[in-house]
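Structure in structure tokens, see below.
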Amino acid sequence: MASKAKIAVLGASGYTGAELVRLLLRHPRADLVALTADRKAGQQMRAVFPQFSPFALPPLVSIESIDWAAAGIDVAFCALPHGTTQTVIRDLLAKAPQIKVIDLSADFRLHDLAAYERWYGHPHQAPELQKEAAYGLVEIHRREIRKARLVANPGCYTTGAQLPLTPLLKAKAIETEGIVIDAKSGMTGAGRAAKEAMLFSEVSEGFHAYGVGHHRHMAELDQEFSLAAGKDVVVTFTPHLVPMNRGILSTIYVKGGRERTAQDLHAILAEFYAKADFVHVLAFGETPQTRHVRGSNMTFIGVAKDRVPGRAIIVSALDNLVKGASGQAIQNMNLVLGYPETTGLDQVALFP
Amino acid sequence: MASKAKIAVLGASGYTGAELVRLLLRHPRADLVALTADRKAGQQMRAVFPQFSPFALPPLVSIESIDWAAAGIDVAFCALPHGTTQTVIRDLLAKAPQIKVIDLSADFRLHDLAAYERWYGHPHQAPELQKEAAYGLVEIHRREIRKARLVANPGCYTTGAQLPLTPLLKAKAIETEGIVIDAKSGMTGAGRAAKEAMLFSEVSEGFHAYGVGHHRHMAELDQEFSLAAGKDVVVTFTPHLVPMNRGILSTIYVKGGRERTAQDLHAILAEFYAKADFVHVLAFGETPQTRHVRGSNMTFIGVAKDRVPGRAIIVSALDNLVKGASGQAIQNMNLVLGYPETTGLDQVALFP
Amino acid sequence: MASKAKIAVLGASGYTGAELVRLLLRHPRADLVALTADRKAGQQMRAVFPQFSPFALPPLVSIESIDWAAAGIDVAFCALPHGTTQTVIRDLLAKAPQIKVIDLSADFRLHDLAAYERWYGHPHQAPELQKEAAYGLVEIHRREIRKARLVANPGCYTTGAQLPLTPLLKAKAIETEGIVIDAKSGMTGAGRAAKEAMLFSEVSEGFHAYGVGHHRHMAELDQEFSLAAGKDVVVTFTPHLVPMNRGILSTIYVKGGRERTAQDLHAILAEFYAKADFVHVLAFGETPQTRHVRGSNMTFIGVAKDRVPGRAIIVSALDNLVKGASGQAIQNMNLVLGYPETTGLDQVALFP
Amino acid sequence: MASKAKIAVLGASGYTGAELVRLLLRHPRADLVALTADRKAGQQMRAVFPQFSPFALPPLVSIESIDWAAAGIDVAFCALPHGTTQTVIRDLLAKAPQIKVIDLSADFRLHDLAAYERWYGHPHQAPELQKEAAYGLVEIHRREIRKARLVANPGCYTTGAQLPLTPLLKAKAIETEGIVIDAKSGMTGAGRAAKEAMLFSEVSEGFHAYGVGHHRHMAELDQEFSLAAGKDVVVTFTPHLVPMNRGILSTIYVKGGRERTAQDLHAILAEFYAKADFVHVLAFGETPQTRHVRGSNMTFIGVAKDRVPGRAIIVSALDNLVKGASGQAIQNMNLVLGYPETTGLDQVALFP
């Protein structure tokens, strides 16, 4: 039997933490040896997430209580809030430089120190690590990730936008002006913090946009899209909240460049992802539903012709907690450890 | 006490029919005297919609069983499927020409016979009535509606798109190319017909687009937007289904024309609707939620600045069964009968 | 035109507060003159509940900022948390003894000081008022309520249990041992406080019981059922949470006493509520759905025969925010002020 | 590598069929070689359930088109409607007597021919097979199942009721009179047939009971409970529909027999299931939530003390499509084929 990596999950009491535990419990080459939580340190995981009652899991402890130098941990997943993560990882890597870190926060996603400061309002606390970090969108940056010690796992919204758009921008197949991304997310994207606006009665039986015109995820899109296009790209992006738990659907409006038709765009994506394990391009004209990827690491992409000449409508669907967070994080771990990329990620979507 | 109009609701066993009954039961100048249903003729309304159990209502009968010439009906609401409606209304008005008809189907919304045939695949069966019909978007066509015998009540999606866009197009304040309307509707918009795709387990806990690139509602938008702009306008429109019962949220992406800023657009809408009873423009930068208009005849509109220079994001929210269908139909009835426009339409939204 | 009472709503930023405002905005003999909130004092109601944006409402203020002696308020609705309410009302009535108070908390529902202390763990802070308060289940205690200055509005769960059971206990038609009430409530019953357990992602797509074996609502049931039966009655009661906003369905298992059949029980209830405006007994064998009373002050009751000889299953449905809270509170106000009982409470249920 | 069994799924276009496919796709010793559907024969599985788009699966064919004698199929899962199943299985086993059949319908659950005829209104069409069939509640009938050629997979409601009650009845630890089972199911239990009553808008945002007093599942309970108790047991059972996709919660009211306390009942269940892989008994006083077993083959059971002396409240939670149907069916297949019972059933629950 192949050896198993020793895994720590930092922030195991949140939704992406729990999703890491769900997936890692069935990963054939991972051993969960440490789980941390802040306010819930001292509790058992089953008290915080009763679905784990039948399983033996390490208790929730504080990050400080772990002796990182001695614990022999191979990989640390970091599912902590934005902003605090950077110092946690800096300190952790200072104590145990050999650990591979997969960070699910936004803290290491931007390569440009100035851009970080502009979007987040304060200078980065670990600038040297920021430079080192690989941006973990596997289908685009596989090569860099394999060599990385620190991987910045992409955001859920931005994964849904990049997987269809980046190949098209690289191929210079669409106009870079006027791109509109209308994204709709399930509620788990908002995390588990107790906020009035996230109560069941506030968000069920209704629909709304938020952060209209100025959402932080745009920083990540600007970086990656400009890199792909070889010039500055600034897209319009509006997130919405859907009364469902999981899923992001992104409806993307583009204009074909250089006389490319919608069908051309479809062909480019179909070829780009022909051998991808976790991106599936539907037949031309078909568009996906979030429920059909629920619980799986899959992204479905559809391309349809708009009736307005020259324009196309692209729709992507993924599970924000899996391909949009914890599943992609494990995909990154697999690369970093030299495992086959799909190891432990073969869940079939749960529908209905 | 003021006199009451005698009302018939055709198609009372569907959702818009039931919503007409809900509203008309409390309308101080309306008397429900006839309810029709097709397959459910012979049943009591309480068997079809148990919420009406405590109320005395006429039984469901077939349309044919009503003696239209003798029944003394003042207003007939027609909540029947598209396509069959045109002959029903033609025959009804042949028998009882004095009846005012408010039609909730799409059959009389297009003024152009050729456009109707192109979009629906067959020639119109009542072309003379098609010419006569007023397009019942009250806030835009109030004058014509007051004089009409037959009013074509607008579609739910198109009401949500027109209320914000028509005043801007009239004012030539936005560019007519590149308008994108990303619309999200609750499930009641799909009606009450038993279809696999509308089962709870098929549509809860998920989100998807449908009719991408070729939805029939576009015909109505083309007609009205081109009329408002004084030139051909062809918008991009994508409908989506939200796992909720009621509500349409339309996220609309526009570019200010002639150097108009988002704030300018907001000012135009705020002025246009300053005295409107059923359209409320939120403060600049705020955007609405469908749940806050649920059950009411209100439309909320918000305007926000996009970070892309020159662009604005406009969001409208309405209840598809009220302002998007039955409430607007009663608003039309009030105009046609010379009642105050708000009569019987003072429901406060039901939230949570 | 009839005169209007001046109304204050204490605790207007919670769900029952907002529901009072929704209903009172359309009450023909009520004038909302004061709204209080604690942490949200200083805000406008539209900021806290955007559905009220189109309406002119008094701003949210603190309770202390109102000059109760001078304000000329006729009725104060008290929608504050259990425990703090009793001192608020004591102080308010000390300053302005002529005000009628309708209290939606549990603080004045128990007549027995010892029972209060036993269930709530501390002595009552306003024992003299506790004695004075009328228990506001209108259909049972109409006469006492008419004369009351202080009405203790019943709990939502207990209203759903008492309306079917109290007439049967009074008639000695069921056995008093072995009564089981299995109750299921929508999420608004838990209020608007930001708690992790009430987040959308924690409570959607699932179902559970809570407070199994020891829910505080039982105190109220013990008092009222024992009063009705003329002897001690202790029922089994289990509350559950349904992923919906509004509604309580109570499935009640009883054994007919003295050879009474299920049909006998149905006949007793049908007769008891024959003239009731807000309680509707369905045909024998039919059982209700919460959605068919949503937004209305109606309670539907159904009685069916169990296959186990001698046993019956009774099901009641109401909207926890209307007949289970704010609607019943207005029904109480109507009685206290000598208005017709149904004034302002003619909302038809919103379905779908 | 261990050999793989060749599997056919009859009725693959329904929800339990799709769930079998989801689970069998990841079962290490199963090979899906045939999928049948009736009206959808000729389609690909991906057209019927798009979640399977990335997978290679046999096309949907009619049952008649399979050459059962020659196909070399080892196991046939039968996920067909009640009533038609018995002749399908009779004919199938006539052609290929060596096939093991796991039937998910109700057709072979009753051993007593007369009871079948009484509950279903017609004589059984394969009485000899009815006698042969093993009742597939694994935790109770493991031994008979191992030897069976035809296994009647239990119903979802009845599994939720039997797992907690059967061990208590066997131990004579509860009174057999007055048992009340109040069960609440997600919507997938109603299947995928297009019925008005199952539309999203009919069942979301509300709650109701159905089949009150006379549900067919009772026949199965009568048989198994009487067998366990050694005397006739007739329970009260009421099913309800929850606006969620998956899950059954059963709240069960019992009276301890022979001075057994709630804690005694808990101890009996905890011991009975101490080594069970798919039944987990929570700590005394804790009760389960359906969401914490979603997508897994697990049943959680909780036992709490009622305040009424001598009474206990027992709550069980399972996923109706997994332990309530397709997961249990695979558990049965594993036994029948001599595989370890848990093979392919290690899914961790998907929450949130």
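Here the chain labels run A, B, C and D in written order, and each chain numbers its own residues starting at 1.
Convention: a contact is a pair of C-beta atoms (placed from the backbone, for glycine too) under 8 Å apart; a residue touches a chain by one contact, two chains touch by 3 or more.
As the structure is a prediction and not an experimental result, all values here were calculated from the model.
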Hopping only between chains that touch, the fewest steps from chain A to chain C number 1
Across the interface between the identical copies chain A and chain B, with over half of residue numbers shared counting as same and under half as different, the residues used are same
Cα centre of chain A to Cα centre of chain D, whole Å, reads 36
Taking each chain's mean CA coordinate, chain A and chain B are separated, in whole Å, by 40
CA centroids of chain B and chain D: separation to the nearest Å works out as 46
Where chain A touches two or more other chains simultaneously, the residues are 15, 186, 188, 201-202, 204-205, 243-246, 288-289, 291-292, 294, 351-352
Contact graph of the chains (line, ring, star, complete, other): complete
The residues of chain C that touch chain B in their complex are 15, 18, 22, 25-26, 49-55, 188, 204-205, 245-246, 280, 282, 288-289, 291-296, 298, 300, 346-352
The residues of chain A that touch chain B in their complex are 178, 180, 182, 184, 186, 201-202, 204-210, 212-214, 218, 234-236, 238, 240, 242-247, 249, 251, 253, 285, 287-292, 294, 302, 304-308, 311, 313, 315, 317, 351-352
Contacts from chain C onto chain A in the complex sit at residues 15, 186-188, 190, 192-196, 198-205, 243-245
